[in-house]
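Each of the two complexes below includes chain A, the first together with chain B, the second together with chain C.
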Partner chain A sequence: MTFLPALLTFVGLPLLLFALSRGRERKGSLRAASRLKRAAWLPLIVLAVHGLAFLVVHAVPGGPFDAERPLAPATRAALEARFGLNESLPMQWCRAINGVAQLDFGPSLAHRDHAVSDVILEGLPASLLLGVGALFWMLALGLSAGVIAAAHAGGHTDRWINLAVALVQALPSFVLAALLLIPFALWWQILPVAGLDSLSALILPSLALGLPFAAQVARLVRTAVLDALSQEWPRTWRAAGLDECAILIGAMRLALVPVTAFLGQAAAGILTGSLVIEQIFAIPGLGAHFIESALNRDFTLALGLVTLYTTLAALCNWAADLLLPIFDPRTEGA
Partner chain B sequence: MMSFARSLFLVLLCTFVACTRTPRADVVVGNGPDVRSLDPALAQAVSDARVLSSLFEGLVTPDPDKGVPKPGMAERWEQVGLRWRFFLRADLVWSDGTPISAEDLRWSYLRYLDPATGAPLGDFLDSVRGARACRLGQLPAQDVAIEAESPRILGIELASADPCFLQQLAQFPLLPVPRHVVEQHGSAWTQEEHFVSNGPFILQERRLKDRVRVRKNPRWHGASTVRSERIDWLALSNPSTLLNLYVADEIDISMDVPLSAVPTLLAGGAESIGNELRRDPRLAGYFLRINVRAPGFQDARVRRALSLMVDRDELTASVLRGGEIPAATFTPPNIHCGGLPFVGIAPPSATRQTILALLLDGLRAQGLHELPLFELSISTDPVDAQIGEWLQQRFQSFGLRCRILALDGQSLRARMSSGEYALARSTWIADFDDASNFLEVFAGGASTNRTGWSHADYDALLAQARRATSATERLTTLIAAETLLLEESPLIPLFHLVSRTLVKPRVRGFHPNPLEWMNAATLEVTRR
Partner chain C sequence: MKRSLYLCALLLLGTLSIPLLPLADPAAVHPELALAAPTLAPWWLPRSEPNSSQWNERAREALFGPRELAPLWGRDALGRCVLSRTLYGARASLLVAVVASLAALIIGVSVGASAGFFGGRLDSLLMRSTDIFGALPLIFMVIFAVGLLRTYRTAHPETVLNPNLALLGITAAVSWIPAARIVRADVLRLRQATFVEAARCMGTRDSSILRLHVIPNSMPVALTAWTLTVPRVLMLESFLSFLGLGMEAPDVSWGVLLRQGHEALTAVHLSWWLILAPALALTVTLLLLNHLGEQVRIHLAPRRGEAP
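What follows is the complex of A and B.
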């Protein structure tokens, strides 16, 4: 078996990107050099996390074929041979990482009718929908609450918003989910209880997932807007005859800097937080697979999902870094 | 290699599909976890069995009401000595119209026995001559005594008499698979686009972590008796979500109810959904395995004393409160033996002094003054934690030192298999209604035993029961075996499980039974 794809992806690609970055640096293009350097780290991060996860899943006791009724030795041997579990661990890891380079994570050991890629392709859209919904609530509720609180700083509205923010941040997501489920889905029955049979079924889970992050955004925005308003420029703007609304919009633009920096972290948090929410609302996403693959020792699925989540989290952080200079040119090339 | 563009396209397509509203099926069943496989040989759980039994029909079909299987693909059968002959119906076809012959069935059974298939429940044909050796990889498949005598007659010869042979033949892993499709598509035959079955329903749609939707199979010989056009088997493993869906009237049957919700539901009165809650005894038990090699547990008196310390009535009434049945015996009270009711003899209860004296005698015989600190291994399930804590307090009240070790299911099984435990929680769910299905678990050398305990007399009694010529002789022999098992106590029976189901009054054709089997063909909803 050739390990060329793995070598190209995890050795060749980072080396190439580092070399290109060095070249850009010499030409004085620091911004492009920084982006290339960050991109070069991405495959290395995936490789490191995959290796670590591989060690962990093989270190815990129990295997994918352990059951209340143990398998006959011949059956176990046949299964281990079929799934390559009879090979040495280094060889298994090399095969797994070679598969990752080709986006082929192998067959699932628990979902016997599916390859890991199929499981991911089937579950990812639901998880992404949930994540996008949560990001929408995070930005829509977080930005508006933060700006309203800042505009009424010290007043009743500000105090109520602060109280709500503290409450939402203090509650675990499963409690929030229950608090949303009971009135909207069980008492008034205006929204579905579970599943993803329609877009309306996405409202409650995305809200439960997005609210804690919206609370964090509201805090960030409120502080940033108040900070911006305390500077010299609002006075200059007022003197130039601009109204309060324009000043608030200007302050909001400055407040987007910490929010953008927070986006990468929030996206990663939303990805991992969805595991619980997906279980509660029976969203056919990847969250339940992630938990069950670990419990069932479905090594291939667990590693496939770890790789996917790592890549997504790294990409989100990378994208946030790219967006930052748009709102704050001072971060250019940093 | 899957190209990035293709992956992206598929993700976008799936996103679109995920957003489209799914119309409701005629009957919606909250079934439990995802079906492990639509290949019957690879399936494992009771929830898998319900879905597969709606898609496939076996040679014989379980009849939980009578205990003895009823005709399935075979319209009748005859037994002469150790030889069985099954006469197939004339109108058997797969859902794609391909006729089914006795040779197809033979091929399907031999595939099930092949170690390369990897059947997790691979021992249901063990009584057939050559079958056990074949599944252990010691005999070629063609030497197994299953033969197609003609396109409509299947002959099977047993190695020795087996009173439970028919019941084993009715098990879901032996449901037939379409040879022509398996040979053409290999392991991909279970994909929606290739799937072919021979039961009352055919596969319409399957979405992981969501549902398996089946629709009526017009080619099934009993199609006129099927009451519903479509059934949804929802793949939901969280009982709280199932309860929410039931309360919101989005499902008709919930096959699980959170244990903690049972008292609240029952307290709701006749007008509440508590009235729709069913708690039917199952053929399943919850018990503790005792590792007889652990320090202090080598003597049967110590193990028996621990068993006597447990007040099962208090456990079920105060801790569980879900209708579980206190277990004085390993076999459940509703089990049979060759059609006769099996009544296990429970050990007499004992006073605190008697228990302590028994414990001390057992310890002295091992040269010990007290039982060393021992571990009680449980799973991470919250109910297990409750049971574990209650047991710990119970043992401590007798002066014993017990530490709880909570592990996930696979780690717990791994520890039990390697003998790294003292006491470990276990469950056993019967495949069919016969006491031997429970008692064989602790046969010496059985892979299910895991306690290190074996007793020549016990094994001899089991062997005698297998050879018994009359049902009464078999019954008395197995009762004696269980009495010996409880005396030796390599296990502590705690309670017998009940199935907690919620069934809407509009559902017809739901027949609760101890094996939690469901005849999907009779299910219907009369009013929406």
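What follows is the complex of A and C.
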């Protein structure tokens, strides 16, 4: 059967995972059960998004070969047969999801002679590097700013940090990128303007991408640390002779709970923001391909990238859910 | 609360009165003056003749005489006045933000109120679909859809499909979820209220109770949801315009200006004023709107059903 991979991935896998989760539930291991159940939803989300995107593509009239100059009917028919566009819609969709199950999104329509998976594989490392850099700034700056603000709660430092946080949160990442580019890359020229040739070229784009999320993290951490410090254990620790530093570290551990819960949302936001940041800094990632493909009517590439982005966002959400019980055992099995 | 409300009203009034201000024509091209730096030297320039006798032109003439403000904030790559382009861009940006968020509010209130009021199977159906809708990173679908629409329009210029209207619809279609959740939580509370019970005892039909008693009473909460939606929609619009998927020429919005500013930003010719004007305008507006949303939320905190 040709559609076996699709059936296995989108029907068999979720069913299997649901069944496993049932079994775990009966054994009383709620944590494993909820993990499995969430994992079972992943292929279904991919399927839903792919289906939706497929519908959008085919709901908009016009085909990928509608140029200014109409093609000869024979050429057109040959092209459509080559890319499988002459079949009925449900059949095309079945073929497409069958390909997705095998990580094969078909040939790209605009980049002739390249498969969509090649284009994705070529752009993915740069995009991932940018995303990881942004996550790094988000956690490093957000955690430290939040803890410092909480440690000096009510003081001048706290007020300045709060002001900076409010300001950065209101700035869209592309405005932030300009504000960083003008002094560092254009006036003083200490950092590269564009490209991704060296690690120093990563600093500005990842900073521009990560800062708004760092502001949000700083807010969360500040509230959580203050909340933790107002509980009773810091008094006990102090009475036992531990210094303030140890208490702050203990409070920070508690503050990791809301930060972890925020990670999924942040990852989705970073994926979104990477589209503009990649364009501003001319990073050879997936963002440029995505926008170009939507404008070029490169159906297969756009479909593949929408599916990929959504899968990545869903995966990040799932991973954040997995991490949460490590920092907060109460959320186990929730 | 009051102060930020006044500031927002001032912002809106200022935006509405832009056609009355003595600004240079935002579309007037001066290639010989391309990328002229900001200058304060001539404050006024004589007005090139008014191109129409519309009421705003006549009012402007009466107020300020036959002159216009010099391009105090420099000129762009085609020699157009950055100041007047930014101010005219405010009209488009804020119009989209206000109208699209109102449309989103209408969708959100209808979904949330009917889910909360009728409960049962309708509630679970509506709220589950809202959950699924909210879990997808819709921005990619939006970019995708807008891109496809645009290419369709370039291939078929005779179509009646207005791109800016499509932009409004699409931004509204993805921003209604918080409003629906907040309003539903409030309607769940209102449903138990004595006045709803009284209306029911008098034999009022469910739809009339919803229309006359429940929805008007959940308006404060809906207003909170709205103030939270406006900055988000503004951000979304400028994001799309920045990517070249939003407003189309000749309309300018802040996103379009930011894009042009970025294009003009090179080490050879550092024309910072091009990007700084829309960036400042957008940031100040977002700060103001965020602040207003926060204030309204705190003000209505006891009535707030659910944190957004």
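One rule holds in what follows: the second predicted complex is superposed on the first by the 332 of 334 C-alpha atoms of A that agree within 3 Å, B and C clash if a C-alpha of one lies under 4 Å from a C-alpha of the other, contacts with A are read in each partner's own complex, and residues count from 1 in each chain.
The rule is simple: a contact is a pair of C-beta atoms (placed from the backbone, for glycine too) under 8 Å apart; a residue touches a chain by one contact, two chains touch by 3 or more.
These numbers come from a predicted model, not from an experiment.
Clashing of chain B with chain C is the outcome of superposition onto chain A. Legend: residue contacts after superposition of the two complexes on their common chain; A:Val306 is shown touching chain C, with no touch to chain B. Once chain A of one complex is fitted onto chain A of the other, the partner contacts of A:Arg297 extend to both chain B and chain C. When the two structures are aligned on the shared chain, A:Leu124 is found in touch with chain B, with no touch to chain C.
In the superposition on chain A, no contact is made by A:Glu232 with either chain B or chain C. Of the two partner chains placed by the overlay, neither chain B nor chain C lies in contact with A:Asp243. Of the two partner chains, both chain B and chain C are touched by A:Leu186.
Legend: residue contacts after superposition of the two complexes on their common chain; A:Ile280 is shown touching both chain B and chain C.
Among chain B and chain C, the chain that touches a larger number of residues in chain A is B.
Residue contacts after overlaying the shared chain place A:Pro172 against chain C, while chain B stays out of touching range.
Once the two complexes are laid over each other on the shared chain, residue contacts for A:Asp104 go to chain B alone; chain C is not touched.
Shared contact residues of chain A, touching chain B in one structure and chain C in the other: 60-62, 66, 181, 185-186, 189, 193, 279-280, 295-297.
The touching residues of chain A, counted against chain B in their complex, run 5, 60-63, 65-75, 77-79, 82, 102-104, 110-114, 117, 119, 121-126, 128-129, 181, 185-186, 189, 192-199, 279-285, 288-289, 292, 295-297. Considering their complex, residues 45, 48-49, 52-53, 56-57, 60-62, 66, 166-167, 169-172, 174-175, 178-179, 181-182, 185-187, 189, 193, 268, 271-272, 275-276, 279-280, 290-291, 293-297, 302, 305-306, 309-310, 313-314, 317 of chain A touch chain C.
Contacts from chain B toward chain A in the complex involve residues 1-2, 4, 7, 10-12, 14-15, 17-19, 21-22, 34, 36-39, 42, 44, 115-116, 118-123, 135-138, 187, 190-191, 207-210, 234, 236-238, 240-241, 244-245, 247-248, 250, 408-415, 417, 426-428, 447-448. Put simply, chain C touches chain A in their complex at residues 132, 135-137, 139-141, 143-152, 155-156, 231, 235, 238-239, 242-245, 258, 261-262, 265-267, 270, 272, 275-276, 279, 282-283, 286-287, 290.
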